[in-house]
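Below are structures written as structure tokens.
There are two complexes below, and they share chain A, which is joined by chain B in the first and by chain C in the second.
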Partner chain A sequence: MPDRPLVAIVGAGITGLACAHALRDVADVTVVDRIPVPGGVHGWEAAETRELARACRAHMRLGETAIRWDGLALLAIGQDGPQRMEAAALVIATGARPLGRAELGIAGGRPAGIVAATVACHLAENGLLVGRRPLIVGGGDWAMRAAGELRAAGAERATLVCPDGLLRERPVDDGVHVRERDRVVSVAGTPRVRTATLASGETLGCDAVVLAHGVAALRNVDGAVWAGDRAVYAQPLADPATVERARAAGAEAAAAVRSLIDQEERP
Partner chain B sequence: MKVTSPIGELPFVVRGVSLHDGHVVVEGELGAWRSRIEVGAEDLPMLGRAFRGPLIAAGLGLAGIALLRRR
Partner chain C sequence: MIGCAVAWRLSGTAARVTLIEAAHDLCEGASKGNTGIATSGGDCHPGTLELELVRRSSPGWEALCARLDTPFHRIGTLAVALSEEDEQRLPELLRDAQDTGAAAEVVTGDQARALEPLISEGARAALHFPDDGIIDSIRLTIGYAELAARNGVEVLRGAPVRSLARDGDRIVAVTAGDRRVATRSVVNAAGVEADTISRLAGGEEFRTWPRQGQYWLFDRELGGRFRKVVGGVPTPVTRGIYCVPTTNRSLLLGPTAVDREDRTDRAVDAETLDHVFDAAQRLVPSIGREHAIKTFASNRPASDPTYRIAVDAAVANLVHAAGIRSTGVSSSPAVAEMVRGLLEGLGLPVGDQRPDAVTELEPLPRLLGHPSPEQLFARDPRYGQVICACEQVTTAEIAAAHGMAVPPTSLEGVRKRTRATGGRCQGAFCLSGVSFLHSLHAGRRPQGIAVSEPDATLGVGADDA
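What follows is the complex of A and B.
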């Protein structure tokens, strides 16, 4: 139907697909994702991914990177070069990231070896170890996953520093040490991080600091970083992330898009 | 078929196989990305080395089966 509003969704994870599914009867939806398969962190082989991708009836532009939103159109770059797609609304469903060093208030120089848990895990999966004695800041899903992956990739030991305590079951691995209710206040070392000082006053030796604490929305589409200009955000920030929460966030964003479209159509 | 890459494990779907300039060209899709694999005569030594172990194992297995059937 040509008179249906066009909606662009960035992110083909469960949240983006659930949003597309909730809008399928009221809008022509295009889902853009830089990864060439749907599913996001949940994976393309998961039953929920397959079911939603099939049922949402959206135009999928996978393997394309959304670059810029100007309030009227989304610029994306893929195998066939840049493409500009007009849309009445943009939904940002690009997931979340752990808090960065500045957000965690970690002082000190800028030594090498301080990485986000998502990066550390990705490197470990590909056989690259960020450190043999990493200190992992966090006690939730990202921290536990980082500890497991780094140990599996060859880390001698990993120390979890959990500002909010351990949010998951205590690791059974003897090579993973836990310090609850403490936080890293500064790091030191040149050129690579060698020590981390905790709020309790203790200084721990390490050769990498993995940031895995807190959850922040990942917003890397230029022009759609802040609210406004017909952009809607579908980024559940709860830890642990669950399929139910992702679906709920997608449905909530779809309701916001409907309301936005209704407002614009009102004379 | 699956291909492991730096961005994770992706499905590879073969859409067609053809011959171009003496090369066998396998065209397909790596997820949503159009992809092609070209294999030429210059690749045969490498393929021979890579498949040497499995081919020897398969040969020995077949020989073993043939001997057992003769008995």
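What follows is the complex of A and C.
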């Protein structure tokens, strides 16, 4: 259909796909994702991913990384080189990550072995264990997943230190210990982390500290990191990251895009 | 910084040079943990060697950095007076600055805000040093070493000096790691460990010690909005805390200055970081902690006297380049030239450039902010594969880093050369991808690759690597 507004969505997870789906009758939508498969954290295996990917009727640019937005066009780059896509609106649906060390206020030295849960899990899935006695900061999805993956990859024991308490059911695993309502205030060790000191004053031995607490938006498109011209952010900062929340965020972003477009079209 | 600068300066001459580094990589001490300000000297003391060397270095930064593929921008510094007391000190500080020969002017609060709109409404006046610059001190250090290596300098890393063999009043060999290097002369640019090297050589007794600085690093969305380096009014005791927009566009806050004993301690503490943040926020109220991406500490070399650049009194062929405290970035080219002159005086063949010497590095283009990504992709299709999304580092850049004469041997080394994992998510997104790439390039199993020093491996159970 000619003359329909162009909309670019970065992120082919459930949020981005749900947004594309909600806009399918009013805009020509392009979805960009750096991973060559739709689904984001929920994966292609999730029934909703396949359903939305089929039904949204969007152009898919998978395996391309969106790098810049100037309010008029999105620049993405991939195996076919840079692609400039004009768009009346940009939707950032690039998901979330756990908080980093500075964000958590963990003082102390800079030993090796302090890793984000996202990384620890990815490495564990590939057979690389970041610690035999990891201390995992967090009590939500990322923390549970990290505990499970690291134990499965051979960790002798994992200790969850949960600043906001345990947000999930206590794991049924003798090798997983839980410290509720406590947080890591500093780490020490050379060259690898050996101890972590908690707010309660206790010092625990460990050979890795896995950061799995809190939720921060992942934003990597220059020009749309804080507040971009005609940029809409669809990043549910919630733990757990459920399909329902993702769908709701996508629908909400679609509504914001529609009102942006309506404003543009008004004389 | 200083060791690499000296190696670079000598590398184009007829001398045969070996660069010896105790750590697993270059640029592991103060060189990677500093503000990256290239001062034009307005804050140095007249009549000192430090000022002289800073002033000799300052005009040449644009040309030198272009040759070393190092980012540099002469953006200027504002020393902002927030109190009446600060303001009253400005005329005196201006006179001092003018005595140094550096460009300096006192500006009103409004003029200061016109130069840097981010500074506080409470700024009453400021001292402006228009010729100060910001430099990527990591790229500078690595650039010095890379050019040196291309000119035939042998670079030994992970090679702590164990002994220096003497024959009479001369050093004849250095044992570093498992290597013994026969030599006609030794330059001591060991930073905080300069006193150890002098002692091992049987040279002059002096003491160097670590002066710890703690820093915050903020998102490049914030740093990119700054136009000037912003500091407070220096006191006789300290220059205070700066807000430095780095050449990577991140924003650096710091440093503190606390003399320590432990040379390896690089721990940060909450109280000190609070102090740094509060001081910076008084200057620039819009800084918010939610945009912090990293905190760190580093030790710069303190000594008494500073700037000990001379032939040792007892060892005839030992040249000290020690105690180059916090101005090592700013003075490094001139320090290197001064050391070359001292070595020439000792009879070394370092007077003339070899006609075949390489004088510049071919710039390695980076995708981040590049005006023509199409051109990059045409040059190498690996520019289409972004690995580190925050800093937009591609596999082309990571491959190029591994093809350097002094390649990375750790993930930290990859970060220093490419910025990968150094952005706002600090590797939460890309560290595994960067690890596997480094593993491929380094020819080591992922478990066994080093985060920093060789025994700081990414995985545990690396013994089967």
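Rule of thumb we're sticking to: the second predicted complex is superposed on the first by the 266 of 267 C-alpha atoms of A that agree within 3 Å, B and C clash if a C-alpha of one lies under 4 Å from a C-alpha of the other, contacts with A are read in each partner's own complex, and residues count from 1 in each chain.
Keep in mind that, in the parts below, a residue touches a chain if its C-beta (ideal position, glycine included) is under 8 Å from a C-beta of that chain, and two chains touch if they have at least 3 such contacts.
Quick caveat, the model's predicted, so the values are computed rather than measured.
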Between chain B and chain C, whom does A:263 touch in the aligned arrangement: first, second, both, or neither? neither
Chain A residues in contact: does chain B have more, or chain C? C
In the overlay, answer first, second, both or neither for which of chain B and chain C A:44 touches. first
Given the touch rule stated above, what does A:79 touch, chain B (first), chain C (second), both, or neither? both
First, second, both or neither for A:36, with chain B first and chain C second: first
Between chain B (first) and chain C (second), which does A:185 come into contact with in this model arrangement: first, second, both, or neither? second
For A:65 in the superposed arrangement: first (chain B), second (chain C), both or neither? second
Set of chain A residues, in rising order, touched by both chain B and chain C: 79, 122, 126
Once bound in the complex, which stretches of chain A touch chain C? 34, 65, 67, 75, 77-82, 97-98, 100-103, 105, 107-113, 115-116, 118-119, 122-123, 126, 128-132, 154, 185-186, 188, 190-192, 207-208, 211, 216, 218-220, 222, 225-226
Quick one: in the complex, what on chain C touches chain A? 216-217, 219, 221, 264-270, 273, 290, 292-296, 367, 369, 373-374, 377-378, 381, 383-386, 389-390, 392, 424-429, 431-432, 435-436, 446-447, 450-453, 455-461
In the complex, chain A touches chain B at residues 35-37, 44, 60-63, 79, 122, 126
Spell out the residues on chain B that touch chain A in their complex, using ranges where they run on. 6-8, 10-11, 30-34
